[in-house]
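What follows is a structure written as structure tokens; I'll ask about it next.
Chain IDs A, B, C and D follow the sequence of writing; residue 1 opens each chain.
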Amino acid sequence: MPSPLILINLKTYNEGTGHRAHMIANAAQIVAHESGVTIAIAPNYIDLHPISHHFMIPVYAQHVDASEPGAHTGRITAEALRTAGATGSLVNHSECRLTLADIDAAVKALHAQKLIAVVCTNNEATSAAAAALAPEYVAIEPPELIGSGVSVSKANPEIIQRSVAAVHGIDPKVKVLTGAGIQSGECVKIAIELGTDGVLLASGVVKSKEPGAVLRDLVSQL
Amino acid sequence: MPSPLILINLKTYNEGTGHRAHMIANAAQIVAHESGVTIAIAPNYIDLHPISHHFMIPVYAQHVDASEPGAHTGRITAEALRTAGATGSLVNHSECRLTLADIDAAVKALHAQKLIAVVCTNNEATSAAAAALAPEYVAIEPPELIGSGVSVSKANPEIIQRSVAAVHGIDPKVKVLTGAGIQSGECVKIAIELGTDGVLLASGVVKSKEPGAVLRDLVSQL
Amino acid sequence: MPSPLILINLKTYNEGTGHRAHMIANAAQIVAHESGVTIAIAPNYIDLHPISHHFMIPVYAQHVDASEPGAHTGRITAEALRTAGATGSLVNHSECRLTLADIDAAVKALHAQKLIAVVCTNNEATSAAAAALAPEYVAIEPPELIGSGVSVSKANPEIIQRSVAAVHGIDPKVKVLTGAGIQSGECVKIAIELGTDGVLLASGVVKSKEPGAVLRDLVSQL
Amino acid sequence: MPSPLILINLKTYNEGTGHRAHMIANAAQIVAHESGVTIAIAPNYIDLHPISHHFMIPVYAQHVDASEPGAHTGRITAEALRTAGATGSLVNHSECRLTLADIDAAVKALHAQKLIAVVCTNNEATSAAAAALAPEYVAIEPPELIGSGVSVSKANPEIIQRSVAAVHGIDPKVKVLTGAGIQSGECVKIAIELGTDGVLLASGVVKSKEPGAVLRDLVSQL
């Protein structure tokens, strides 16, 4: 079984921007090295290039537009992500929803650049639909767990299990991340036991005064 | 084999609004009666209720919002469509794209009202994804055929065949409509032979001076 | 001084749809007749045409698209509103935001059909900007008052006064509605004293068991 | 009279990304130094920080989101632009339209970071509306001139003059850029004579094999 993925979304938190993004990346690199677990981060666009070059951990964009290079002011292309050194990108995060046509085009644009696509979804049906687009990962963010402080293991483990089954029913090669309700190493362990291949989390790490300690806890039961 | 569906989208064409929508509905009802083929129309919101009540043919909305009844100014709910007498609704038309989450919610909202969902898509991958949401119909509108005047049978029959296969690979109960490249009864016949369950068309009927004659031609080879 | 306008937005509330929309329209017509105050309602698209024809009060759409008649599936045009008998339309409601370019195009499309434009805004600066587009009305909905149950007179009368001044500084012919924080006839009176030409309200009337009684209270101090 | 501004939008052209963005910035810096004219560039997000630090010319973002730092995945904040060394940002470019409320919030977010706002508009009315939001610049992009290859001086100089008058009628401190129809130094000269304070252009410089030569021509008649 491959190592699970711990993917930290820095969003546009002040605590995850500029030198503080570098501090989190540094903590992630250290804990990844200690534990052997893959820890990746998704900084804002401005920090993407420097963090990709200063650290050995995988770096993801938070969003990519479906458009090709050209007359598309204010957009971020897969080409730009690749030249910045990114490993891949989130697509269709709950805070940055895309049309179905654009999700498909974004996945294809990432793949044309040999980048990894992590498509975010909100339930079993949309997870199955996303799997039909053949991304590397589907990240399930049940709305009732986003930012709730409620652990997925206590709240609603069935939604994760059913979504994993739905995704693998469409395409067993697509991996699944648990994208909400992760508070601790215990939650990560349960998420993996429920059949997922890792977790997507944000404020729990980013807003912590000791990101390294939080990351150590998250990987402690793997 | 059930009768195919001929679904006429009136869009917001002047030629498909008000009394001219009624004339097209009347022609559709006559040709449907003559031929035994199901002909449905999708008028604008204003004409939906009167046309549903004046004619016996199925009437679809052109769009439905994912929102529940409540504080949602300017939206159109599945509840409102049902009370207007609609049979179902287009969802995610190429001129009215929705997020994946909203397509899923719109299909569920239609089903909660016992209405039929026709989800529009643009290629093989998005057709498969839409099928995972379990609508009654997926309508494939290949962008290279929309408004092109090019017949699907001559241009690119493979995209239709592959999309039908992709949809049925996900869920064989989901029916498929050909949503672009239909010019004539010959095109309709070929679309059905390619495995689809009907066609979605617009300007060819709506902008014709003789909608009845066009409709008669469309069903002539079924 | 012309009579103030009381504009009731039915949104997509179940309590403001179908026959219940007709009941509210009927109550509005009776109270308008009794009081001499202009009371208008904005029903959903489906109810727009029947209500326009069954009642003598002004009827507004909740939204209008900027697009011309044509290949615009799922849109609602100013032409369709006019043929439905509408008096005008809300534009850019806080629940249905538009781009600046589309607000301008919607106002122009309404005016081309001799319809009245009520552009909604959220603060002093956007009220001034909206006034530059020359609609008949700007309706200010301060976000801190929307759905708050807090009366504009107690919360923040200055924002109304400053917005009226900002609008009239741009174009004194543009009238101003208070679009949030209206709970009672006392609030309406204060809103008028603050320089506005009427009020835009929703749930207070729509969700009431006795819309007629609420409307009578609203106009009681004019 | 202050020096006019020549602002080059690199969009997401391949020719304006990565090392080619640096080459254009270098050419801009040389020509600005030679001529005394202010030449600024707007690269994509990834190139914003390195170009701001390697060159002395003003650097603008192509877009900024209205949101504050926080849980806003995939967005670009004014705070991030400031820490990247930006001078300001385009807002509401024709390829990246925003709601009126978001334009206002973006201008305020830029000003809170001491950054310059360049709000793009499409006609006389929206230019006046934008001026009411008090940005430093309004950049008028008449749709009929965008990417047309037609010079503003030959096509429709009145739209520029009327828009300048409309902007200054609202707020004489707001400067105006001509945002389309600029092909040559002759066009720049005419744009200035029509009352604008500079030009916004893109492909003419970005897609040229010799950006320096094009820039020299653009400033040649100032």
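The definition used in the following text is that a contact is a pair of C-beta atoms (placed from the backbone, for glycine too) under 8 Å apart; a residue touches a chain by one contact, two chains touch by 3 or more.
It should be emphasised that the depicted structure is a prediction, and the values quoted were computed from it without experimental measurement.
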{"item": "Minimum number of chain-to-chain touching steps separating subunit A from subunit D", "value": "1"}
{"item": "Remotest chain, subunit B as reference, centres from CA atoms", "value": "D"}
{"item": "Approximate Å spacing (C-alpha centroids) for the pair subunit B, subunit D", "value": "43"}
{"item": "Separation of subunit B from subunit C, taking each centre as the mean of its C-alpha atoms, in whole Å", "value": "34"}
{"item": "Junction residues of subunit B - those touching two or more other chains", "value": "94"}
{"item": "Touch-based graph of the chains, sorted into line, ring, star, complete or other", "value": "ring"}
{"item": "Which pairs of chains touch, using the document's own definition", "value": "A-B, A-D, B-C, C-D"}
{"item": "Residues of subunit D touching subunit C in the complex", "value": "92, 94, 97-104, 108, 121-123, 125-126, 128-134, 166, 170"}
{"item": "Interface residues, subunit B side, partner subunit C - complex", "value": "9, 11-14, 17-18, 44-46, 48-50, 62-63, 67, 69-77, 79-81, 83-84, 90, 93-96, 147, 202-203"}
